[in-house]
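Chains: A, B, C and D, in written order; residue numbering restarts at 1 for each.
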Amino acid sequence: MATTRRRTTTSRNRRPEGIGPATSTTAANDAPDLDLLEALRQMTLIRLFEQEAERQYKRARIGGYCHLAIGQEGATVGAVAAMRPEDKLITSYRSHGFALARGTSPEAVMAELFGREDGCAAGRGGSMHLLDPGRGYLGGWGIVAGQLPIAVGVALAAVKQEQELAVVCELGDGAVNMGAWHEALNLAGIWRLPVVFLVFNNGYGMGTKVEQASAEPEIHKRAAAFRMTGERVDGQDVEAVHAASHALLDAARRERKPAVLEVMTYRLRGHSVADAGTAYRTREEIEEWAEKRDPIALATQRLVEAGVAADELDAVEREAQAAVDAAVAFAEASPQPDPSTLADFVYGDPHTGEQFSRMGIGSPAGERTVLEQMGAAA
Amino acid sequence: MSATQAPAGIETMTYREAARLAMREELERDPSVFLMGEEIGVFQGSYKVTAGLFDDFGPDRVMETPISEEGFVGAAVGAAMSGLRPVVEIMTLNFILVAMDQVVNHAAKVHYMFGGQVGCPLVIRTPNGAGNQFTAQHSQSFEGWFANVPGLKVVAPATPADARGLLKASIRDDDPVLVIENLQLYKAKGEVDTSVDGVTEIGRARVAREGDDLTMVAHSFAVSRCLSAAERLQADHGISAEVIDLRSLRPLDMDTVAASVAKTNRALCVEEGWASYGVTAEVATRISTGCFDDLDAPVGRVGMAEVPMPYAKSLEDAALPHQEKIITAAREVCGA
Amino acid sequence: MATTRRRTTTSRNRRPEGIGPATSTTAANDAPDLDLLEALRQMTLIRLFEQEAERQYKRARIGGYCHLAIGQEGATVGAVAAMRPEDKLITSYRSHGFALARGTSPEAVMAELFGREDGCAAGRGGSMHLLDPGRGYLGGWGIVAGQLPIAVGVALAAVKQEQELAVVCELGDGAVNMGAWHEALNLAGIWRLPVVFLVFNNGYGMGTKVEQASAEPEIHKRAAAFRMTGERVDGQDVEAVHAASHALLDAARRERKPAVLEVMTYRLRGHSVADAGTAYRTREEIEEWAEKRDPIALATQRLVEAGVAADELDAVEREAQAAVDAAVAFAEASPQPDPSTLADFVYGDPHTGEQFSRMGIGSPAGERTVLEQMGAAA
Amino acid sequence: MSATQAPAGIETMTYREAARLAMREELERDPSVFLMGEEIGVFQGSYKVTAGLFDDFGPDRVMETPISEEGFVGAAVGAAMSGLRPVVEIMTLNFILVAMDQVVNHAAKVHYMFGGQVGCPLVIRTPNGAGNQFTAQHSQSFEGWFANVPGLKVVAPATPADARGLLKASIRDDDPVLVIENLQLYKAKGEVDTSVDGVTEIGRARVAREGDDLTMVAHSFAVSRCLSAAERLQADHGISAEVIDLRSLRPLDMDTVAASVAKTNRALCVEEGWASYGVTAEVATRISTGCFDDLDAPVGRVGMAEVPMPYAKSLEDAALPHQEKIITAAREVCGA
């Protein structure tokens, strides 16, 4: 399927401003060509960004859980490129690439990883909880499959609000064994909601092989349990991912058809920066994917074959590295959140301070400060 | 039903009708409000709280769901993040256990974790309580767990007026709010002023009965138990008990409680659930520490017997925090 | 499928002692004939027992939730008849028929409904929580789909203990939309466990039609999401249910093959005694099933066609009614549990009293009595 | 690892190694014991607690599971009902939210609801705690909710010796027991006497430090916080603090706590979780009421700041119940 959809597109070499959904200017129905050079720019930016994040983690500028998607850039960029500006995106915790592909500035993402005020989640979320509501990115979530029911609700709201859009919900292969997967897909099915469940099958959930965890390892076939379309695509082929995503998103938008798209990919790093990633797979396997199936190398090769000039390709990497360096500089310069803002955002209702104003008596130490900061007399 | 025509002026209606009236009024007032839940449509609600609303507002505003609490509570979170105001019915509190992750680790986290950029104006209404021989899996009252979670608000109406007023306030609140109703209270009657909007502010306790010798603090159905116990205490033992209806567990109105204890110097906390590590643990601690110098005796606590609720009537009766237990505990606190 | 398997079996008219698994004496592999007359006895007993329970509920001798399965007797008896003595049974709350079919005495079941000491759960469980560990019945459970993971664990234990047996797990059509269904079937699949998920599709979960709740209303097809066998059978045909159950249970026992058996049936009463059962379906529909598809009438008719004497058939009803009357008398005579036994069974470990003996200080009233009754100094 | 060879005599090992030793010893002692959980096999455990056990005992005794907490916790309940003794690892306490129904409404009900005919000797071990910038969804400590449930037992080791001893006791107990471990404690070192069976009886608190002026009551990692705070209180403020390690939340050993308060007349309760409606609410209430006449000052409480845990280090540090907060609260209680 992947191969049949393959096209190189350097003949008409568009260059949209900055990075962002490449298809935003294309027509609704006919599968448009992907701007492969632009896709390469995004993949390269994501790759270099995550390699930098890895370095910064080792330097303890980044903490907590940090999940890199190095090797999965083709899957991420191909799918996001098929989204329109009005579409919504919800993902798991492995989310750096999604924010960047959707157009969030590297500065805002790196600042979030650094836990700074100017981070895309104001430093409150960190690596797992990036978001960009302005671009329809409703967050990276940390509980396996927990984001699926939420994505269903976002699609439900779109239908109720009569917006013609699609919701992309990314999850991993390990998430398809959670009950939330079943309930979410069943609801999407009976309510006919415009949501595409984008399963990134990278072969493992932490150290567990798909075959060991899932009684139906061909995950896209599970869509049938909900009379839903299920497809599988080569995730290292950014054009194939784009074409498959485009078709399913289009059907979701215009016919409210939910679907499952299983994207076959591979994470070249460990589960998180804390995992060497070699206890449960061979070095040979990793090298095989790195050498033969790297989505960036594959795309570059196609562009070369299509006659793109070498200096143009060099520029891609140069520009990406410059953007990453700028992001680090920006993150370093951004202030750490002040402890006096600890209680900001616990609640959103303007009356909250008043509501809590009578709670002070007998409060434990841990709460008294929060009440004070919430503007409730303690 | 009288409630559903909502004529002007004071009306006597059941707690069930009052909750239904609140939903009707909010559905009419705000197009972004919609109801979700199992059997709330053609079945008219497992406990008939939503009766008639499906017929009047249709399937888009009153959405029947499959048995998938985790799924539709999560869907409500997503809808709330998108600007709608879902009001979810969980048939009874017991069933929220399968949706715990969406309530505690998703709804409660949205606003903070994302730096205040996305809100979650979600309401979950569900009845707690025992007393119908529903046995161990269907007789629980662990609402205190949610009151432990920053990011959530928890209210528990004890009267028809508050069943309407607190639900309306919760629906209009921009944060996720759990509204704890009660199976025994559904049939309880009371006055509701339908001529006014009738919103009960979240975070204000109510003095349900005035008294001088003892402060009884409770929420939900335990308030009714305390009120009848108070009558008996007065009549049989000459103890004048003040009864505080907390109304809200998070936030908690300690000012009202402390003012009462300052007057009575004695306190008894009562709840339907298990008292150890329950709601009364928090309330009694705050009284004990916040009113340290005012207390003439240790704060008392009464809850359900700490067993999984048995089926046999003889055992269930023995397990409930009934009037006799409250009176005994009250006399203990009063040294009478 | 049902019809192909149909046989009448009155030619060899076995009469096992009492009621109980009719196939217990048959060979392992070849599908044996069902003793239809014995099956009729069981169905009739269950029918009359539940009609009596309905009366007793109205007389307030029975309380709480009471879910009748009138109309589903063929499904229950057919499936249980295919079980062997060593097999295990786990069900939902609609469980009177299962206990009776498995051989639990009507006395013990009625006493449980009455909440008496001699009930099969000592009066602690009631209608939803019947059990009979001696007959491998590990209980009726009240949380929709909650019993599925437990059934998987019982099957897992059997495998670990090297017992060749099958686990029958009954659930309703509404339960297949719970996450627990998905997780349980996936685990049964990857661990190859001997469990047959017996889905009683009676068309409704409370007032919700299957088509409205399940994106794949042909429930047995959902087995495919776990590469599991899924079959559908006519639940009003007790012989068909028996034959289908027998084949799947046999495969489970000998090849550790899990399966889904969707049994098409109908509940003639409301969801529980509190539900008239007419708000969400037409009286015509109910009458149609009562008149044309009553499993007891269908079995009786076959026996008549097979030449069973009328007096023998009359005896069936007489004996069943006598058993039910005896059960009521027994239940009435059985004592109510004494309040002083309230704390019995909270814990099972013999050291519990000692463990809790230092907890008394500051205990709330609700706990103090329990501590005392548990033998912990308070 | 030294621990896994278990030579005779006193050994210094980490909390992680001690928990692993307990599992190894029980796996060897009782063939009905087996482990279940995500990544406990070839991955050697997400936090390496089970490292080596898969290689030594094989896949039947050390069962790797898919990500399906509700499913495999329920499967463990079924296995326990069938006479086995499953020891389930939930990667962190946060993830138990998806399995809440099986723990609270199934495991805890089995023995009672079925009239004592079926047991459920199940152990669930899982770490709570914050402090690694794991953010809101991964930094919680709500073990108090389980301590509210009759039918469950809840223990929380604070030392390597108890990480081994309480886990062994829990595995041998015939009831469902939650063993709350802690992420910060895993690397903590302490002495373990491997020459003895070393079972720590459930329901006995431990005096972790003797003192005369103040009783600090805590469990799990908060015990370590209290111990270091106690040193500072002694050195900088001349306050001699006694520290009680509860060890067990249900049952709760109030005798040991009360004996200490009778001596010090002052108490401070500390926990990793949110204090309002948390574990300290129950402990502080029992002290306030049970030691009413002994108390010279209101009981103090310190917990995590009541916010969803933020990611930024500056905010996380501010939210944790760190030493400074404990010292300030202790001085407040002591009026010093």
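Going forward, a residue touches a chain if its C-beta (ideal position, glycine included) is under 8 Å from a C-beta of that chain, and two chains touch if they have at least 3 such contacts.
Since this is a predicted model, take the numbers as computed values, not measurements.
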Taking contact as defined at the start, I'd like the list of chains shared as neighbours by subunit A and subunit D. B, C
Quick check for the class: compute each chain's Cα centroid; which one is farthest from the centroid of subunit C? A
Averaging only over C-alpha atoms, locate the centres of subunit C and subunit D and give their separation in whole Å. 39
Report the inter-chain centroid distance for subunit A and subunit C in whole angstrom, where each centroid is the mean of the CA atoms. 46
CA centre of subunit B versus CA centre of subunit C: separation in Å? 36
Sites on subunit D at which at least two other chains make contact: 66, 68, 70-71, 94, 97-98, 101, 105, 112-113, 135-137, 150-151, 252, 274, 276, 280, 285, 288-290, 298, 300-301, 306-308, 310
Counting only residues that touch at least two other chains, what does the list for subunit C look like? 121, 123-125, 129, 141, 143, 146, 177-180, 183, 186, 190, 212-214, 346, 362-363, 370
Partner subunit A, residues of subunit D touching it in the complex: 38-39, 41-44, 46, 64, 66-68, 70-71, 94-95, 97-98, 132-138, 274-276, 280, 298, 300-308, 310-315, 317-319, 321, 325, 328-329
List of subunit B residues in touch with subunit D within their complex: 70, 94, 97-98, 100-101, 104-105, 108-109, 112-113, 135-137, 140, 142, 144-145, 147-151, 249-250, 252, 273-274, 276-282, 284-285, 288-290, 292, 295, 297-301, 306-308, 310
Subunit D residues touching subunit C in their complex are 34, 60, 65-66, 68, 70-84, 86, 101-102, 105-106, 111-121, 150-151, 153, 173-175, 201-205, 248, 251-258, 285-291
Residues of subunit A that touch subunit D when the two form their complex: 63-65, 115-116, 121, 123-126, 128-129, 141-146, 174-175, 177-180, 205-208, 212-214, 279-280, 336-339, 341-343, 346, 362-367, 369-370
The answer for subunit A against subunit C in the complex is residues 177-183, 185-186, 188-190, 212-216, 221-222, 224-228
